[in-house]
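Next, two complexes with chain A in common: one pairs it with chain B, the other with chain C.
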Partner chain A sequence: MEGLQTIRPELLSISPEQLSALRPYFIIFGGTILAMILSVVRWMNPKWPLFILVLATLFAGIVDSFRLVPEAPLTLFNAMMISDGYSHLFNIVFMASAFFTVMASFRYLDREKLQYPEYYLLILFAVLGMMLMVSAQDLIVVFIALELMSLAVYTLVGFRRADRRSNEAAMKYFILGSAASAVFLYGSALLYGSTGTTGIKEILSFIQTHPTSMTPVYTLGAWLVILGFLFKVAAVPFHMWMPDVYEGAPTPITGFMTTGLKAAAFATLIRLLTSVGYGKGLSITLQAHLHDILWVSAVLTMILGNVVALTQTNLKRMLAYSSIAHTGYLIVGIIAGSGNEMGYGPVVMYLIAYAAMNLGAFIILTVLSSRDDSGLGLHDLSGLSRRHPWLAFGLAVFMFSMAGVPPTAGFAAKYVLFYSAVQANEIPLVIISVLCSAISVYYYLRVMVYMYMRDPSGSPSVNRIPVWSTLGIAAMVFLTLQLGLMPGKVVLAAKKVASSL
Partner chain B sequence: MDISPVFFYSFAAVAIAFSGMVVLKKSPIASALSLVIVFFCFGGLYAMLDAHLVAALQILVYAGAIMVLFIFVIMLLNIDAPSLDTMRAGRLGRFMIIALSIGLLSLFIWAFKETTPPASVGAFTPQRIQEAGGNTRVLSELLFSEYILPFELTSVLLLGAIVGAVAIAKRRST
Partner chain C sequence: MMRIEPWVVLAFCSTIFFIGFAGVLMRRNIIVILMSIELMLNAVNLTFVTYSKLLNHMGGQMAVFFIITVAAAESAIGLGLVIAMFRTLRSVDTDQIKLLRE
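And now, the complex of A and B:
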């Protein structure tokens, strides 16, 4: 028996290609450190320089990630991390979502008297966590990145410290989120115990070569890992935290959570699902169990999200429930993922489209809300088309898109997603999804009715629209329509990156 | 490697008993102190598995540093038993919680009973670790070569947590 070799020389150096693949991460981390230094200088007000620096960092990261998407997969750090199209495509989504969130936040923070540098720092930390999580190839790294992302977002949710709802939301989210992290961690420990490795790819190859190692403990571990992430994406029955948290969080942060955080959780969930052997035809029991759990969860999520959203009169809360409903559609895509020719591509496409339209909607809500995030009831929208015709038009585009009306991104994404589910022979599931999305048209259109067909009630105030928010809204409207009219390129890209999983 | 059954069962029994106390005790300080005992028992179990470094760290970090932090927080917040009474679940709620816990526990017991331990032993047997220079050396070498990414990321995580703590706790001059 040869001795242990604990230091492998090849792990101690980083090749130029690896360094280049790591550049987006370094850009974001370097930007964070710079921003941290900038925010403690005393001889000037760091507000503007910090804002510009954060935007520049995120922009540089996005540009750099675009360069890396078509590159061949490259494993890093002893195969603990992978740089492939899948991770870089999602990195773009996270960074873009943070970019527009920061843009929308600038004047919002002024108005709420919350203009503190920590806000931007925490957004950058959360983005770094998301990027690392989606490129992680090891359960330990997934866990650390998950915590990095979550800790930053818990704090951001409670950023309006003077507000009771914000505090309550942060506390709820923190306690439930920590419990979910613990569940995930315990699941990883069980997976490690039964396979002897924490690597995502290694777990899969181990159970492929040792089919007998799919023991009950292994199955339990796989469940717990998946359940931990079902909490993060707020699938029923783990959705209870979501409406309160979304309502209590500062509005731009709610937008960030529904786009960036959700995409990150789903992207990682897909990686984990494939790693525990879902859809590889390894074990009938595991396949059937996970399939049934996801099936029930998807149906409940769609029905509950859509039905409860019908009764909401606060826009933020309505969008929270609609976000639960969209989680349901996404799980449908995940169920279908192993059985159609597009793989998980439709889910990727849906996440991108959802990010574009939701981010836009939340930027508009940020502009419309009055102090302390109030004034977001449906009645406050009455006659919006006369006060702010362009804002009303933007919100209308996003609502049509969420309802899945052509020619918007939401339609293209839903079409691809449901088509993939039909291909995977999940006909009952598709019928339920389509019915649910028919229900959803009601509450999305109600927003339109208030905006265009009601007279303004009371003495509505005309808000000044910050130029940064205008830019953000315009970009999102453009993206939503672009994805709806010419989805081909993104669909192909999504299919391509998903095929490498 | 064989674990002395006497020690194993006594450590395990004490750990379980005090874990129960953590949940059942009404006073937060008593719960926290019961947790110290649980941590010590875990330390003992790790030591019996020849993981001396982990055992020492368990005592130092968990029973030492983290417990002090717990007790600080409890004392600073000045939580007493009556203020927690308002948060107790009703009778139905309590029944459901107990039923759910027992169900989960039996699921875990069943799963572990059904599973046979893996036939192959991993690379890190106590004997080979001894030959390679002992626990501390092997662990630190692994930490800085194979596990360098998670190791460094932990520092980033802590940095993020500090910024978060500052954001929550800093007194604002408004």
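And now, the complex of A and C:
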């Protein structure tokens, strides 16, 4: 009963600073509950009020998080959670990604006759899960938040209930995702067994004070925890689910997954890596071991992602493989993170830039897709510059950005990332990354060739572009160019928040 | 009374866990796969309880409560997805899932 005595009075009260640090979470949670109530009213059509409510909730959350980014770290709930710049910066990414996904989804759901209130609720729940996951300081909290996010996203992937592809994608994602969660959980059980705690900081401090407790059980536990997350970020060899799920999911949800989900998984992976002792110089063997396996995984991920993307003709599938390739670059950043002055800052910067350009690209794909989410082959883009010159321009900006051409966000992010890898003395890795990103230019430019140099094939349909999507695309184009032209502020902010890890 | 050594229990847990893992990878029926996932989660629960007893620390047993709850939610979602898939596919066999492979 030693556990009962550890309940201290200060755990039952909450200080004003803590309350203020928790406000974004309360805003999202409150908005979710309100939306839930609103979605069951019978006396009116909840479509418009719900849409406005969800956007207002996310907007309020974003504004509130901006206030919290420069604040000093603050532990919450008996050190189960932490409120620091790192978590709040990522919270902004998640909420912004959900904000623009909701904007892009509104007319899409009308068109596909899927306008159910649950869609918005699930997005809000997924955002709440991501926010909790990135600020969690305890492996059990990470697990609960991970499931809150994943369960909502499994359902969203299968949201086109009458469509076989959507069902198959959801099923595949569910089975593999749950297995990965279980692997993660088994790893945390082993870590708990060898250190006597599930707290992320406590595990590290226990290992630092008791170096003899680095038993094989600890190593296996650390491995399983990290493998669970390597699955979530779709690093080779755990990438098989990604192209299928991205292709089968509703297009706006695919955009949400590439930005929000990926950022959440990477942000938490970095927290976990630091917790099991990566980059703190505690055990040379474990360090070298982790480094080697991440190294191999990064190289395989980049090569496979880029080479397979060359042969894809479906845009969604091509972007899925390009997303795998970008996972590879991000792992390069993680490998370099422990050995350079920027820390994990470049990874944070890359995730922000990647979110901006990918979200924009998927909003455009949502607009361009014909009914039943088809019509996203490369041939369907033929002569897009004549039908929709502005959409073609937007997609061109995003494709240039993903290929890493200046002056776009992708270039700035890649520059900072590869520079940090050079500083960390990972020269062979940088050479492989640069060669891989040279390969990637081929398939990104092919999209441009179809848009600008081919004549329209068949009977080109001119879609009406919803005003919400236009706003979203414009914002993302602006952000992509802004981050490319003036990256300094974001780079510094990323460096600052990453140094507090 | 015979005392059961902790390592026996832990070895048992890891056996169950890897049986579950092998089931997810090898079985073809989705219902069986869902059962295998439950098996994995329950093996984790047992591991947590064993360590909790070994370390004389309540945290592990608290974790089990949360895991049980989440596992229940997970199987609810999983069965919902199976039903949605059965409606369009008329099968619960994973070999039928091949539409997305080009």
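Please note the rule applied: the second predicted complex is superposed on the first by the 496 of 501 C-alpha atoms of A that agree within 3 Å, B and C clash if a C-alpha of one lies under 4 Å from a C-alpha of the other, contacts with A are read in each partner's own complex, and residues count from 1 in each chain.
Methods note: a contact is a pair of C-beta atoms (placed from the backbone, for glycine too) under 8 Å apart; a residue touches a chain by one contact, two chains touch by 3 or more.
Everything numeric in this text was worked out from a predicted model, so none of it was measured.
*Asks:* With both complexes superposed on chain A, which partner does A:T215 reach: first (chain B), second (chain C), both or neither?
*Replies:* A:T215 sits against chain B, while chain C stays out of touch.
*Asks:* Identify the partner contact of A:D163: answer first if only chain B is touched, second if only chain C is, both if each is, neither if none is.
*Replies:* The second partner, chain C, only.
*Asks:* Under the stated touch criterion, which partner chain does A:P16 make contact with: chain B (first), chain C (second), both, or neither?
*Replies:* neither
*Asks:* Tell me which partner A:M80 touches in the superposition: chain B (first), chain C (second), both or neither.
*Replies:* first
*Asks:* For A:L151 in the superposed arrangement: first (chain B), second (chain C), both or neither?
*Replies:* A:L151 sits against chain B and chain C alike.
*Asks:* Return first, second, both or neither, reflecting whether A:V183 touches chain B, chain C, both chains, or no partner chain.
*Replies:* second
*Asks:* Name the contact category of A:G488: first (chain B only), second (chain C only), both, or neither.
*Replies:* Once the two structures are laid over each other on A, A:G488 reaches no partner at all.
*Asks:* Is A:M171 touching the first partner chain B, the second partner chain C, both, or neither of them?
*Replies:* second
*Asks:* Kindly classify A:I140 by the partners it touches after superposition: chain B alone (first), chain C alone (second), both, or neither?
*Replies:* both
*Asks:* Determine where on chain A the residues touched by chain B overlap those touched by chain C, and list them.
*Replies:* On chain A, the overlap between the chain B and chain C contacts is residues 3-4, 140, 144, 147, 151, 154-155, 158, 161, 196.
*Asks:* Could you please specify the touching residues of chain B with respect to chain A in the complex?
*Replies:* Its residues touching chain A are 107-108, 110-112, 114-116, 118, 120, 122-124, 128-129, 131-132, 137-138, 141-142, 145-150, 153-154, 156-157, 159-161, 163-164, 166-168, 170, 172, 174.
*Asks:* Provide the residue numbers of chain C that touch chain A in the complex, in ascending order.
*Replies:* Result: residues 10, 17, 20-21, 24, 30, 33, 37, 40-41, 43-44, 47-48, 50-51, 54-60, 62-63, 66-67, 70, 73-74, 77-78, 80-82, 84-85, 87-89, 94, 97, 99-102 of chain C touch chain A.
*Asks:* Chain C touches which residues of chain A in the complex?
*Replies:* By the definition above, chain A touches chain C via 2-4, 140, 143-144, 147, 151, 154-155, 158, 161-165, 167-172, 174-175, 178-179, 181-183, 185-186, 189-190, 192-193, 196-198, 243-244, 247-248, 314, 317.
*Asks:* For the complex, give me every residue of chain A touching chain B.
*Replies:* 1, 3-4, 6-8, 11-12, 29, 36, 76-78, 80-81, 113, 116, 118-119, 121-122, 125, 128-129, 132, 138, 140-141, 144-145, 147-148, 151-152, 154-155, 158-159, 161, 194, 196, 213, 215-220
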